[in-house]
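First the structure, in the form of structure tokens, and then the observations on it.
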């Protein structure tokens, strides 16, 4: 940790800081140059967290070195984590495609969707039973009956299933029916929900909050890892955008950045990431080229009849045409770890 | 609702749209000019929500007119709502100042803070018992014992108290101890929590999500109002910022905008809104000048010893000097509703 | 154009609007439903631009249909534009790779860079002579002598060259030495410079402003097209980001979006788009997979000795390894225009 | 300057860094703790700017201490700068109000506006002759004749005038006619224009770029100061926003932040800052409460007939009612420098 002092700080201010650092059992080394006094703190930064150096008089900024997450960090776990789901290994050599409607709308509808997902060559079926919606007057999902329909459709067509949990009181119910529990973007920092997810045995797909940094995202993953569940899959789904031409601003640079910082697998949701079906195939290809381990894509057999997010759902035939391209790009994109300058 | 068609749309595409609109029991009127075909939809927009016009071929954009919230809208409730808390009426003529530490840290500490809050002329005591923290290794709050300490300190000094609820399973406990339940920025779209808050009798202070529009915020308020609790107080606390000189970007334009769109009271948190104690007084004054009904300010008797957010906590004497200025500005800012052009 | 009135607007307000519309020689049709009065304006929107409907009493919003750009729009020019530069056709079947140092630093340096660019299989050499720098104390480029060195290095190795113009007074000088004139991100809305660029015969590479929408970008291109120069190449280079882990937030969704809205070629700059050499190869691959027609990549023979932007420069060997991958992805990504739902 | 190394860096990497630092004539001190190796660089940071430490192998981040601006910094110029314009001192005790139409539209119009500005108690007249417009098909201003009309109207009513310069080739012309030259938000980093402005004797009002940090803004001011013109007035005018309810997101925290970092005067433009006349008065009051030295407000005698930005122009009577409130708030807001914790 480094404490940078303001120009014009007084000797008394320096002394107060040094005393506080030493009182925490750490070492303080003061350096002084042309324009700045800097105090380098030696020892374990955690010991100083209870002392708020930033609130001391004369401090300009405090730069911490220790990352706020550990179990999620590649430096403590160099090898890629592979999360096994059904016959897939997410984070392994093969690309995993998850697809399906935004919401489970009926038994018939989810079975038709599952059939199309399977026919397109995807292996995991998505569909919401509990739906987070901006307005209380929008369709809120079928709830528990929807969970059962989803599971049945998945089983019938040999697909693993993924669905969202929104409430600590429902997470066991979701865990019982689904192969992967999704934590949605609005709940990325719902810490009660993260702690509850950590208590299940299920893989957790953790979507990035739409205005959260990669570091905050890895800290959210850390809540789950630290709570005892090491089967975390990250999912990039786009950031808030000032350009209303797209629903969200899909941040594909998070893919190689996460690969650099963490060992966890990462997938991309180009459907929410753009909000427009006409942009989804291009962005799905781009996600794989950037190094994503999988995709989460909205597909609806009849988008015009969808009860939510119709504008971003692919037609089954579009998905079917896309999947082989994605696998071909995966072949090219993999195995480029040696391209870092000087590493 | 208006459906704008792409240049080059076909007659078949128009016909399919008109049929879908009419099948929903609505009227479709097609207009055609130089460059665009536009279909105006007559009747209640809610009837068309199950039909996804945006997914039809040839559609460029769909513009809806009906607001996604109702009970929160000023057009259906023209008079200002005043939420009574203790002897204060939030949203009434007088400015309400809530202050206190980020977190309840000890019985002694919260009593000292309460005394300073009262001495400064504020009337409501804030303090977190359940703390949402980015990293699991940061101080998570004292939990239930903290709730009790906060309540006791408030009672002792004749202050109402406000604290945050983070989990549907704890909300009744919080309701029992606090005069106002806070929903934090990270939980603004935690819809399970909003629905649980609606079931309590407590006033709910709803912080704005750090990347949420005012419309999304009013929709979140609508979840509480629609669930049966009409005592909602909005709290602006800053948006995500690309400028790291501040922790958040405090959006004061939301204050007059909320006053225009809604009847709900609105307060401002300049502490999280800037993250810097040296900017808090100026932004507190600005918030009141913009029309805020109250302020939520972090103050700590000993910021250097604070276990969280020390850099943004005011000293007691700074708060005491500030409060009279805020009341003086309130006098000037109130009663300017007639300034809208042409209204 | 549609004018949506506020709930509670008066008959007088409607009449004033209708009169203003008719006075402009247009048709006004009033529709009234449950909650809203809407006026549909018939005729050429341009005739109403001198009348500010938004300033009339009782107006909630005005929705215009006509795009603010024309010559750049695909609807008026359906076929892809190909800009010929040397032996390359930017926007044609083949991917075009432009590479080189941030700045021309010396004759020796730019010759070494040109040699490496050619060896890597790229065909256009980049390098700044006039450098836009945040602080006046940073290296501002070599100016005119730098232009000459760049041109000489390009000629020697059979590479076309691209460099930036920053001032209307220098643009002819730049046009004389370079095969492509770059307009930088900070100057995307420097309308005097755009008009001056329109007067040259050179291809113009127009970088996207770091907080500009795609529509604003196409409007900037329109200034050049409308001024008489139809050789415009768009260049996505990343948007302002709240996440400081990257220098900019590279928006690859702009690539398929531009392809949808415009006929102009688009290239991507993953170097400024991320600011980190370790993320550049992944993002370069992703850009091509998203449909980019070319790339603009910073490469420096000795990044540690670079006078600007060293952290984002690739080593020559990294670029050489990357180029064949990019061409392979181009093969997969091209020719997917039929994937739009319902088109 | 501090160089933080990656976990797992090698001894060779450290040695290479130390050698490079020492080769630049600086001191390198290596510290090593639990998790991190840190090199503290002693001596004048400017000497290392030619060496790109960030590009060395094994470097995680480089933290510089020296600010990239100097003449603009309060630490080198503690007292407030007051820029004299006519009889006003911008940055002094009194609030300065500048008002007028977006554009000069006719001689008659600008005279009517000037009369209203004077009647409202404002002292400086604004109006654009060269207008930066997103689309080339929008009204571009009257150009040189507009400059003359503006000056004449100002003289007639005893008002100083401010207008924008957009092109290095026009700046002398603007300097000849106007009392203050405005550099617009889109040109904040048009460095050729900044350097040209530095060569004039005129006060320069420098608007903040809509996605620029306060540090970047002060660096832009530094270009003018460093070029020889010390009469710089900063103008906050709002940042890019994801919430389309407002045109821009007005950042009032920049006001106290600039006061902290710099001695330059700062004014606020609430008209562009919100884009909505109904929000302007509240935000004007808030700006003054935050500490702004002046305001730049759009007012039009007949907003409905305005050729640009009609929706954000105040009526003359609204401005007249607002000005006394602003002066009253100024009285309260001034003189609060002692409120910083511990300063």
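A, B, C and D label the chains in the order they appear, each numbered from 1.
In the analysis below, contacts are C-beta pairs under 8 Å (C-beta built on N, C-alpha and C of every residue); 3 or more make two chains touch, one makes a residue touch a chain.
Everything numeric in this text was worked out from a predicted model, so none of it was measured.
On a Cα centroid basis, the chain most remote from subunit D in this structure is A.
To overlay subunit C on subunit D by their CA atoms, one rotates by 180 degrees, a value rounded to a multiple of 5. Each chain gets a centre from the mean of its Cα atoms; for subunit A and subunit B, those two points are 26 Å apart.
Subunit B and subunit D have centres, each the mean of its CA atoms, that are 30 Å apart.
Averaged C-alpha coordinates give centres for subunit A and subunit D that are 37 Å from one another. Each of the following residues of subunit A touches two or more other chains: 55-56, 211, 240, 242, 244, 277, 303, 313, 341-343. Looking at the complex, you find that subunit D touches subunit A at residues 2, 4, 6-8, 29, 31, 33-36, 38, 40, 42-44, 55-58, 63, 65-66, 75, 240-242, 244, 341-343.
On the subunit B side of its complex with subunit D, the touching residues are 211, 213-215, 239, 242-246, 249-253, 255-257, 260, 273-274, 277-279, 281-283, 285-291, 303, 313-315, 318, 321-322, 325, 328-329, 332-333, 336, 339-343.
The residues of subunit B lying in touch with subunit A in their complex are 20, 46, 49-52, 54-56, 68-70, 132-139, 166-170, 186-187, 189-193, 210-211, 216, 219, 222-223, 226-227, 240, 277, 303-307, 310-311, 313.
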